[in-house]
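Each structure below appears as structure tokens.
What follows is subunit A paired twice: with subunit B in the first complex and subunit C in the second.
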Partner chain A sequence: MNGTYFLSLIIFSPLLGIILLAFVPKTQEQTIKLLGFLATLPSLILALFAFVQYLRGYDLNRLAEKHNWIHFGKFSFLTESTFAVDYELNVDGFALVMIVLTALLATLAAVASIHIKKEWKGYFMLFLLLEIGMLGVFAAGNLLLFFIFFEITLIPMFFLIGKWGYFEKEKAAYSYLIYNGIGSAILLIVILILFARTGTSNISLLKEMLHNPAAKAQLIAPISNDLQYGLFIALLVAFGVKLPIVPLHRWMLRVHVQAPPSIVMLHSGVLLKIGAFGLIRFGLGLFPEQFRHFALFIAILGVVNLLYGAFLAFTQDDFKMVLAYSSISHMGIVLIGLGALNEAGIQGAIFQVVSHGFISALLFLLVSIFYERAHTTMLGNLGGAAKAMPLTAGFLLAGAMASLGLPGMSGFISEFTAFLGLFKVAPIIAAIGTIGIIMTAAYLLRAVLNITYGTAKRDYREVVDIQVIEIVPVLVLLGLIIFIGVYPHILAHPLQATIETMLDGLGG
Partner chain B sequence: MKWETLVQYKWGMMTPEFIILGVATILSLIDLFMPRGKDRRLLAWFAFVGVAIAFVSVIGLLPAKTASILYDTFRLDAFAKAFKLLLLAGAALVLLLALDYKPKEGIKYRGEFYYLFLTALLGAMMMTSSGDLITLFVGLELLSVSSYILAGLRKTYRLSNESAMKYVINGGISTAMTLFGMSYVFGLTGSTNLKKIAVQLSTLTDGGQQYLLALAFLILFVGLSFKLASVPFHMWAPDVYQGAPTPVTAFLSVVSKTAGFVIVLRLFITIFAAAPSHGKDPSSMLLSMQDYIAFLAGATMIIGNTIALKQRNVKRLFAYSSIAHAGYVLVGFAAMSWVMVDSIWFYFVAYLLMNLGAFAILQVISDQSGSEDISHFAGLYKRNPFMAMTMGIFLLSLAGIPGTAGFIGKVNIFLGAFMTEPAHYVLAAIMIATTVVSYVYYFGLFTQIFFRATAEHEPIKLPLGVTIVVIVCAVGTILFGIIPSLAYNFLDQFQHFGDFLQ
Partner chain C sequence: MMENAWLIPLFPLFSFLILLLVGKRMKETSAYVGIIMTFLSFIGAVAVLLERLDAPTYKAEQVWFTIGSIKITAGFEVNALNALMLVVVSLVSFLVHIYSKGYMHGDDRFSVFYAYLGLFTFAMLGLVMSPNLLQTYVFWELVGLGSFLLIGFYFYKEEAKAAAKKAFIMTRIGDVGLLIGMILLFWQAGSFEYDHIFAAVKAGNVSQTMITLSAILIFIGAVGKSGQFPLHTWLPDAMEGPTPVSALIHAATMVAAGVYLVAALFPLYEASETAMLTVAIVGGFTAIFAASIGLVQTDIKRVLAYSTVSQLGYMMLALGSGGYVAGIFHLTTHAFFKALLFLAAGSVIHAVQTQDIEKMGGLWRKMPLTAPLFLIGTLAISGVPLLSGFFSKDEILVAAWTHGHSVLFWIAVLAAFFTAFYMFRLFFLVFSGEGRHEAKEVHESPAVMTFPMIVLSVLAIFSGYINTPWFGTFLGDWLTDEGFAHEEAPSWIMVVATVVSLLGILLAWLMYGRRSLARDWLSSRAPLTYNVLFNKYYIDEFYAMTFGYVTKFISVLCKYIDRFVVEGIAVAIAAITKAIGAFGARLQNGQVQMYGAVTLIGLTILVVILAFTGGYL
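Coming up: the complex of A and B.
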């Protein structure tokens, strides 16, 4: 227990924006948009500050916070801390990188929200609530707190999709709610079984309880080997919905197409990554033995994701659908890296999580810029945009290059390391997977060429090219993608400790 | 009985009951002599103050030692104190709803409206403290008979008549079954005192008699499931809820249901926990019957949640929702873990707040529009943002979303189910699956409130009593969701109701 509130401050500073927004009259469009944008800044500044300090050698454990919160019954025959849930936050290198990613994308998405047409006040209040949930997920120190933040993202997303989305928004919102509701229901069951049987939900304590034979004797009720396998599979399904792993992906397509692009930036950039984060943190962290048994299966799932997404992306008519399938395909690489279960593989997986966060945010930002001008994202109705909007078209090409893994950009590093990992373990599966990389190039170029070149299918005469306010976030994202691509050490260094701990857990 | 022995009893421990009895009597007299046509809403405040004083007196009794008077028929233990607080709080909020209840055709018998709530409440309170089958039954009947009349108070409204009629007939059948079950217990032990019964039954070794006792258990449970509105006696709930005046519906779904669980816990734990049996646990009839309770709990959750999906009448929807919630609480009972009574108590705190809040909003909307169709919720967000926001909180809590009391309540029940060895995985799986199903109808209301446009743009006004209820419930729902320790620290003083069997 100590006096720092730094992490709480990062997580809950958007709350200040929500409170201030409550007092702004709902017709004041400019004020609301400005306030919504400003409210995302404190988190970003603090997160960046922590990140820089960490790079200079600051010990992240000193940021940990802990306060008493709930205890479910005090029994004389149990210790004080049994069945107590504390409000505890802590971060390691991986979590801090994710927090920086989240805070940054939130700020950029707030800028992209200038295209929102109605009810800005409700929009930004929910937007900031969503940010709180996303930031909290990465800093939660126990499973119950993790779950609470996880669910906090669910409700604002439901409203943001259902109210501000496109034509079939309500259907998409319901689809999102039910799929993710089932996913988090399964997650809750896993968390509570662990909590009920060990008496704690603290992540590091749980690791101890599950693997240290001496601690195992102190369980409230036994956790059998079969139960551990059951819990692991349940976790895989729960996070598999979020990631998404292929048979569980239907909801995510709807959300990508129907939600407002600024929200999809966050959805694709951060929310999907929560699935990967959870799989790494809890699947791998708490159940390393089970993970090892399933490693090959996970790698195969990854290849299936990669190929399925890539092939279907090739056949889509809607640019948003292309990007949605592309997200599925790219999440396959995360699974491939994890399935390899060696240093290169895990590093590649985490790199892909971060890198795809930036790339997909960039692409959806460009989608929103295009949609503003062309009022459609159907490939057949676009074309010839390069003449009317040379800058936008250029950025789009750059984004596509990043996505298909052009060397010198972040996508390349992550794909390369992930595959490197898998080739060491399962060369045949990895070889099949590489077909996906070729397909990625094919579908992205097809889509981009359709939009930018060819004859103009519509009247672009009155269309203005990208404006200053839109160009800034594009440049920030593109800059970061290239920076990581050229200097991957910026990510590799903070992640080093996390990866080493995980490999220790795997026993070699 | 001699006068001296009568005077010696510590009557002080019955103070809350005496207050309610006194207020109910005075109210009925005032109502009798008050000129016709005079506004009787003042009586509601009087009743409210009475309930509030009784609430304070229960708090005053909290430090009192566990004791019993009147030959063990009336006990004041931790269980009684904790649940009396709940019943009184629920009744107080319901009275505030009744104060502002304005059906289209007007209500003729306002006086009765208020004091019948009090007599029903008195019955429920007697049940929490009963140590004897007779007083338990009298309390149960007092609650039931008062509720029958309350359900039919809208005399000129056809559905209200139907509601009262159905309620009486179903109630009659269930009462008969309860009594029938009790007669077995009496026959086996020759006593109506719960403690004596428990002692007698703990030495029951004859296989045939154990079989009879198991039968008595099931018959009693089926009879009492009427009050819980759980399977197999749930069919009355939708019709009765729909036809009864809204405050009465709120009363039935919260106070009456709580009282139902009170009698179930009191009766089954005291009598059956130590009785040997032929079943899977030879030392305890209660544990042997676990599977049956679990089965009924599962059926209750499935039936309540799936039929609710099809409802367009919001009152019926809430009837099925309340059936589902009875199922969740039954999971806590069926698990029979250390935290059983604690988790049930907390769940009812949460349920009281979120359900009464939702009924308060529903009452205003249905009073104004004259119907309970779900479409009248459309555009509420535009017509009254405050109501929309608070209704949102209640719905989130009912759905069990984190940040609300409903979530903590569910977590605690799950904990109980997973804590025991063997754990109740199937039951918990049904509970979580049906919870996700419940998202569909709770969020269906959300869609109406926030997404749909409405033709009516006339703003909705909230009357004073309802406003108080809504604010109290919304604040409570959030507060117990974010700082549940408030309730758990309070529960600590009861030490997990360990004095239950003393």
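Coming up: the complex of A and C.
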């Protein structure tokens, strides 16, 4: 494995697809869909290759890339590297897992995109651009690069929702843009303040400068304790929009309901996770002191998210809304784990990030398959679908079981580990949180059984069950969910180093 | 064989996977896959049991995954209790697999049924050989899944859908208790391992409060699974599932898992008097409570379901009174005679196509095999001397008398009377007198169905002899490593037990057999009591009025908060932004004076900021 351009290759290989798509006439549906799908493969293959190599002991530091990029000013008092923004990429175990998740979900979402009805060319070009942004976010070595990739995801997403969504797609797209725009603006302010005070935006260098007393002397300008708290809270809000933390969640409901399901697979599976990733990487990584002070508050936010989402999911009439609130509820587990701030908690939070990525992607894939046949996801109009579509119904039930944390599936491991962590530090809060476990079962069974069990409320005679091309991605996701649930070591092992580093930052 | 005991649960898992993949094409030959695989499990279980009879406990474990420095292990353990449970579970499962071939004949989803049975059997066998609490929890949930799928097997029926959902959620409430208790114990004892927990408790490393708290929390899990009051309501509804399922899951195996769990954690419970008392009281109350409901029900399966709840209460009472052996002994004999009763009931339902006992009657002659087999089960559960139930029930009464509270003892005696009465009421209504059913031709069930019942009836008669005060307490000695001393209890207990059971039978015979007592004796004299009993003490209605409404209320409240408060704030912020924008737009009026003024104000603000902060915050 030649390290020098490997990460760039993973991130930018979808670009090749975009260029090739530009030369395909927009009426050639089959070619466009095939090309769109194929363009996601190089990233996936390379990412899996890197992952396997890492499991076999490859040192990820050798993948790091660095090239000179932007330099500000030529003042005598500045050294060569100060106020320089380089193009630098690097990954650790956590980032690599996220890259594999992203590349995999992108491929599967590309398969699920067969249900897209119009303007395939534009769709797939934006789709691939979105993938570049998502992959880049996880590999970025400095804050500015992170921000650029973060913004790259915003634009294609806006158009994908606004153009290929359902009835209220425009409103959803604007809502998405405004909320995330505000989040981005706050993030940018934080990044710029850090950059101005320290003279660098390199993440590992920043860690050093903020905590090593010797390095603190080299700051361009001092960063007071109050300012650190301010910056931390700003980060919490910025990534809280993305995650989302209640009450910053309204935008994502619209996106879940209005965007095409194949895009929601990526949105719920990866984009929301950027919020968690940012919170862990920057909130916890750069401001461990502040994070510790806010830990209990974050745990409470987590319980609020968990319960609020669960109770709301219980009253929804639209299956997509149930899943949207379910995502909010499940992100509560991430916060619960982070709030625990011990080995178990942090591992549980990261497990949940990955596990929920697969599970929500699976559920939205099934929504896409189901909508294609029933043309509605309103619970009141559905029922008894298991008779006409036994396989689809079975997969839907399996997805619900994964989501409600059935042991043997990945959701259980993450939920259990996160709660294990929180029970150590705050048993009462954790005990309140466990109500969420019951409610999750209640709302998921209510929704799924309403669709698949009971008497049929509509005519399913014309309906055919799930097709082979749709089964493959479903099986891949379900297989991974079960694999992680049965053999969690596959995730625990690559994450170990990352978690240890974080706990070191916390000072044990 | 003991070191290969892990193979035992894998056979049914294999059956599940095979049938999931190719079951549709195999149609009814699917049954053979399931039967052969569970038979292999049964053979393995018997081999393990025989080896364990005079060998020490075998345990194998390895690291499952790590959480930082914490190592979570997985493996299996063959101790006396586990070896016994393996045989009971695999045997009943094997027999039910055979029986179902006849019972489910002609069903569209025949292979799916067998697949689910395989999944359940796998999980149940895995549960009873888990060496630690976490692994127990994993299989605990998986048996719940198996139960859920099989209750909802007739998914197109609204009742089945509701029952499946209810079973899952009610048991999950209990499961959360188990989860919390387990995690609390983990942080106290530093491990999920049964051995380590017991060692920590013994060494006094766990505070008394913590022992009591976690023991009671874990007991909540057992309450959910074993249908104990107040989480019992799902079990009677679970009768919506096919009858073989009721026999396997909701009589013999899964519902006994709660009893098994308390037994497996017995040293923990013994360390806390409060926890023991809680178990005993909940068990004793459930025993009498469910039996009283069983007196007036008219659905054959529901009578048996309430009887199961009541008998499980008996087992809990035994454990709570310190009767470790008594509890497990009754679990074993109950598994056989209750499975027999359910299978026989299934045979009857199969023949007359109804579950309403008011519409049965006169089947003694028409079902010459089923009827006597059902009678054997009825005699066994009623505690008639020399049958299995007599010995195990006696053991429980002895335990309750010597260690428990005397009130609990008399409750248990009364419950035994009720049991004998409602079981023979059932028997007489179904088999004696004139036929009240609409089915024209009533046939005895095929041999594939009667064979398993015959095997079970033999066990229902003779399985009691593994532990009797007369011939030897083999089971007790073995379960407790010779440390078991059969309490020298007053011999009148056995007499009392026999008398109440015979009285119950006599009363049932007078009312429903000979009919010299009016049948509406209770309903005419105390209509209120009758209605309360018939409507199961209105517990379901009570839950719907309280927990149901509270949940709905919170949900709707959240919904409005979300729609108006949260969204309202967002709209307000948007409005403020818009207002600022509109204000800014008005400044753009093309007049130089205005622009000059704005520039000056802006500059002033910037200068002030610079002066105060030096450019940095």
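Note that the second predicted complex is superposed on the first by the 505 of 508 C-alpha atoms of A that agree within 3 Å, B and C clash if a C-alpha of one lies under 4 Å from a C-alpha of the other, contacts with A are read in each partner's own complex, and residues count from 1 in each chain.
We take it that contacts are C-beta pairs under 8 Å (C-beta built on N, C-alpha and C of every residue); 3 or more make two chains touch, one makes a residue touch a chain.
In this text, all values refer to a predicted model and were calculated from it rather than measured experimentally.
A.B. asks: Using the overlay on subunit A, decide if subunit B and subunit C clash or can fit next to each other.
C.D. replies: clash
A.B. asks: Using the touch definition from the top, say if A:I70 reaches subunit B (first), subunit C (second), both or neither.
C.D. replies: After superposing on A, A:I70 lies in contact with subunit B but is clear of subunit C.
A.B. asks: Pick one for A:F419: touches subunit B only (first), subunit C only (second), both, or neither.
C.D. replies: Touch partner of A:F419: subunit C, not subunit B.
A.B. asks: State whether A:A221 touches subunit B only (first), subunit C only (second), both chains, or neither.
C.D. replies: Both partners, subunit B and subunit C.
A.B. asks: Figure out whether A:K163 sits in contact with subunit B (first) or subunit C (second), or with both, or with neither.
C.D. replies: A:K163 contacts subunit B only, not subunit C.
A.B. asks: Which of the two, subunit B or subunit C, is in touch with more residues of subunit A?
C.D. replies: Counting contacted residues of subunit A, the larger count belongs to C.
A.B. asks: Who does A:I152 touch here: subunit B (first), subunit C (second), both, or neither?
C.D. replies: first
A.B. asks: Just subunit B (first), just subunit C (second), both, or neither: which does A:L192 touch?
C.D. replies: first
A.B. asks: Please work out whether A:L177 is in contact with subunit B alone, subunit C alone, both, or neither, and reply first, second, both or neither.
C.D. replies: First partner only.
A.B. asks: Taking the superposition on A as described, I'd like to know which of subunit B and subunit C A:L9 touches: first, second, both or neither.
C.D. replies: In the superposed model, A:L9 contacts neither subunit B nor subunit C.
A.B. asks: Regarding the shared-chain residue A:T452, is it in contact with subunit B (first), subunit C (second), both, or neither?
C.D. replies: Touch partner of A:T452: subunit C, not subunit B.
A.B. asks: So which positions on subunit A get touched by both subunit B and subunit C?
C.D. replies: Touching subunit B in the first complex and subunit C in the second, residues 178, 193, 196-197, 221 of subunit A appear in both lists.
A.B. asks: Touching subunit A in the complex: which residues of subunit C?
C.D. replies: Touching subunit A from subunit C are residues 63-70, 134, 137-139, 141-142, 145, 152, 155-158, 160-161, 164-165, 168-169, 172-173, 175-176, 179-180, 183-184, 186-187, 551-552, 554-556, 558-559, 562, 565-567, 569-570, 574, 616-617.
A.B. asks: In their shared complex, at which residues does subunit A touch subunit C?
C.D. replies: My answer: residues 178, 193, 196-197, 221, 227, 246-247, 249-250, 308, 311-312, 314-315, 342-344, 347, 384, 386-387, 401, 406-408, 412-413, 416-417, 419-420, 423-424, 427, 430-431, 434-435, 437-439, 441-442, 445-446, 449, 452-456, 487-489, 492, 496, 499-500, 503.
A.B. asks: What residues on subunit A touch subunit B, complex-wise?
C.D. replies: 68-75, 83, 144, 147-148, 151-152, 154-155, 158-159, 162-163, 170, 174, 177-178, 181-182, 185-186, 188-189, 192-193, 195-197, 220-222
A.B. asks: Any idea which subunit B residues touch subunit A in the complex?
C.D. replies: Listed in rising order, the residues of subunit B that touch subunit A are 338-339, 342, 396, 401-403, 407-408, 411-412, 414-421, 423, 428-429, 432-433, 435-436, 439-440, 443, 446-447, 450-451, 483-485, 488, 491-492, 496.
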